[in-house]
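Sharing a structure, written as structure tokens. Questions coming.
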Amino acid sequence: MGIRVKIEFLGGLDVISSGVREHKAVVPLEEGEATMKDLVEYVTHNIISDPKDIPVFIEDDTVRPGILVLINDTDWELEGQEEYVLESGDVFTFTSTLHGG
Amino acid sequence: MGIRVKIEFLGGLDVISSGVREHKAVVPLEEGEATMKDLVEYVTHNIISDPKDIPVFIEDDTVRPGILVLINDTDWELEGQEEYVLESGDVFTFTSTLHGG
Amino acid sequence: FPKIDDNFSLDEYKRYGRQMIVPDFGSLPSQIKLKNSSILVVGAGGLGCPALLYLSAAGIGKIGIIDDDLVDTSNLHRQVLHTTETVGIHKCESARRYINKLNPHVVVETYQFRLQNDNAFDIVSKYDLVLDCTDTPATRYLINDVSVLCGKTIVSGSGLKTEGQLSILNFNNKGPCYRCFYPKPPSPESVTSCSDGGVIGPVIGLLGITMAVETIKILTGYYTDETFKPFLSMYSAYPQQQLRVFKMRNRKPDCAVCGNLPQILKETILENQIDYAAFCGTVNSNVL
Amino acid sequence: FPKIDDNFSLDEYKRYGRQMIVPDFGSLPSQIKLKNSSILVVGAGGLGCPALLYLSAAGIGKIGIIDDDLVDTSNLHRQVLHTTETVGIHKCESARRYINKLNPHVVVETYQFRLQNDNAFDIVSKYDLVLDCTDTPATRYLINDVSVLCGKTIVSGSGLKTEGQLSILNFNNKGPCYRCFYPKPPSPESVTSCSDGGVIGPVIGLLGITMAVETIKILTGYYTDETFKPFLSMYSAYPQQQLRVFKMRNRKPDCAVCGNLPQILKETILENQIDYAAFCGTVNSNVL
């Protein structure tokens, strides 16, 4: 089974996945039981190409400050953050904050 | 019953629907039997506010030249044009062509 | 500016350094491609001004500008390359003066008249790529037909009020052209120009900038026959700013100019068998 | 330019006519609002240049520009308000010269130094709205904190390489602020500026123009407390140009500056208890 989702990296965060901006993934868990915490773990272990890059994505056991997390184009703060329950078809976007001007 | 769809007017075409750009509509037909031709008819009779504006939308029994028709963000020419079979959740976009510069 | 290698002077390396280090741009080879490229900007108005600013700044080698219009005060809210000081002079001359100050490495050629059936082939054939920054359907069809027949890719932008559209036409002589999208010209009554319908300055400015981005992508070879997909992008400023991409049809086999049996040929145009002004409304000389 | 009625001269009516007829703009009352508005543009670089061009052209009454940097040749591929002729002079002076030519009806004030703890309140409090066109997180936090404490809405843009972000912060003292979005500053190693990471000129130009559009919408009263929804827009130039809107969190009750029990106060900043440079990496004087 598994949950089919789309995972995107924007704002230069695709460096952690060898420059690939968009991933179609099947999270190998039961729909209704998997949360955002599981997705972050899935990304950490299955999508980040080089383990050296994990600290670019994770700090203190959660997504690093400066990275915005969007669930279907909505800030994860409005969706329960790590408790959000994954659904098939969800789009998860991780974007670095840009500072340049 | 009916088919729930979203209908958008862009490029100034919202003049035909009293300035409303986005419509949620239920087309009162059976899913699987209704085509794009029915949708265009539905728009003509149920969304255009003033019958005087029908010629802005329809010419020679089809959508007027200069109006692009998109089905889920794809040119209707790639989707069978008037033969496309409507599905619940579809987004139909009608946009005037802009000429200004 | 003496060259320090086969390609550039020190001034040019300084000037373009910050874009050459962007991975998608393609570093030095792409900068050389820009330098060796020539583009024709048709219309130095609301779209042409920002496109010219950013493309000359980026280091395109040669830029042609064609526009018969003079700078008017009513242009200045959106045509920001012109100023109060250049009101009354030709837009292409006003544009040339600023470009020379912004980037002296760019060769600018100006044509202070209208693009027409009898001059279009001579001018278009001199350039690698055409930016359609005009304001009337008639000129848009003329640019399309001549560019297709000369084998040039067109970057096409347009805007009105609070919205705009962007596309690449006749990409590498394989993508769809303006007539593939719009086989039948619109009726003259349905056409509104920026002067008639108004436009918010930065709205048309944004479209001009999206044209500059596409031009850079094409000239640096980002799109290939394999990766290019026909599109039309739609910008809306209200209620929230959005730029959406629509997937568009391919080249149409029955297109009158780029199809398998074209009815529109160089001779047809040169002999004025197509009266662009008549077939889609009068050309308003103020709005090119 | 003698006034022909209570509001404008004939030159101004000609100049702004084409935007006043756009229905969403709001006609004469909106033009009067722009004339009576003042904005502070922090940074006259890649974002500031296009924002300044289009906002001065649109007829904002008073524009303040703060930047301590001098024009450098390496800026010119993206900072198109400056030219080869103004290399070496202050960016705010270079910007002022062009704005005076583009629209003499705009009052321009320049501040040729860096925005800092000790001068920020005096300057920000003089304007209605602040555009954050800077290049370092440290200055972004300072602008945020001072603007929140002075009750000003911020239009915030940023960009790098081929992408950019746009937001409205502290809208009407009710919307979320920069610290609501980013309570913890990024580590200095993770921060890249346009000078370090590079940027494609029209990419940062496009972001500056989106800032001009939002500024016009705010100043003309398009957004109200009821209709404004916190957002962050994301522009990508590659593979296809897109501007997407993300729906963002509301103001956070525990925000350090705009929350219910703020720890950051005017005094905290004035007494240098917050060292912005130290808490999120050194400020590079070249990149403001």
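Each chain gets a letter, A, B, C and D, in the order it is written, and its residues are counted from 1.
Keep this in mind: a contact is a pair of C-beta atoms (placed from the backbone, for glycine too) under 8 Å apart; a residue touches a chain by one contact, two chains touch by 3 or more.
From a predicted model like this one, the values you see are computed outputs, not experimental measurements.
J.: By CA centroid distance, what chain is farthest from chain D?
T.: B
J.: Between chain A and chain D, what distance separates the C-alpha centroids? Give it in angstrom.
T.: From the centre of chain A to the centre of chain D is 30 Å.
J.: Using mean C-alpha positions as chain centres, tell me how far chain A is from chain C in Å, no decimals.
T.: Each chain reduced to its C-alpha mean, chain A and chain C end up 39 Å apart.
J.: I'd like the Å distance between the centres of chain A and chain B, where a centre is the mean of that chain's Cα atoms.
T.: Chain centres of chain A and chain B, defined by C-alpha means, are spaced 36 Å apart.
J.: Give me the residue numbers in chain C that touch at least two other chains, ranges are fine.
T.: Those would be 161, 194, 197, 199, 244-245.
J.: Scan chain B for residues touching two or more other chains and write them down.
T.: none
J.: Touch graph of the chains shown: is it line, ring, star, complete or other?
T.: Graph shape, chains as nodes and touching pairs as edges: a line.
J.: Of all possible chain pairs, which ones touch?
T.: So the chains that touch one another pair up as A-D, B-C, C-D.
J.: Applying the document's contact rule, which stretches of chain D touch chain C when the two form their complex?
T.: 11, 14-25, 50, 53-55, 57-59, 72-74, 76-78, 80, 83-85, 98, 101-104, 161-162, 166, 194-195, 197-203, 205-206, 209-210, 212-214, 216-217, 222, 227, 231, 233, 235, 237-245
J.: Applying the document's contact rule, which stretches of chain C touch chain B when the two form their complex?
T.: Going by the criterion above, the answer is residues 43, 45-48, 132-137, 140, 157-161, 163-165, 181-187, 190-194, 197, 199, 204, 232, 234, 236, 244-249, 287.
J.: List the residues on chain A that touch chain D in their complex, please.
T.: 10-12, 56, 64-66, 68, 70, 73-75, 77-78, 93, 95-101
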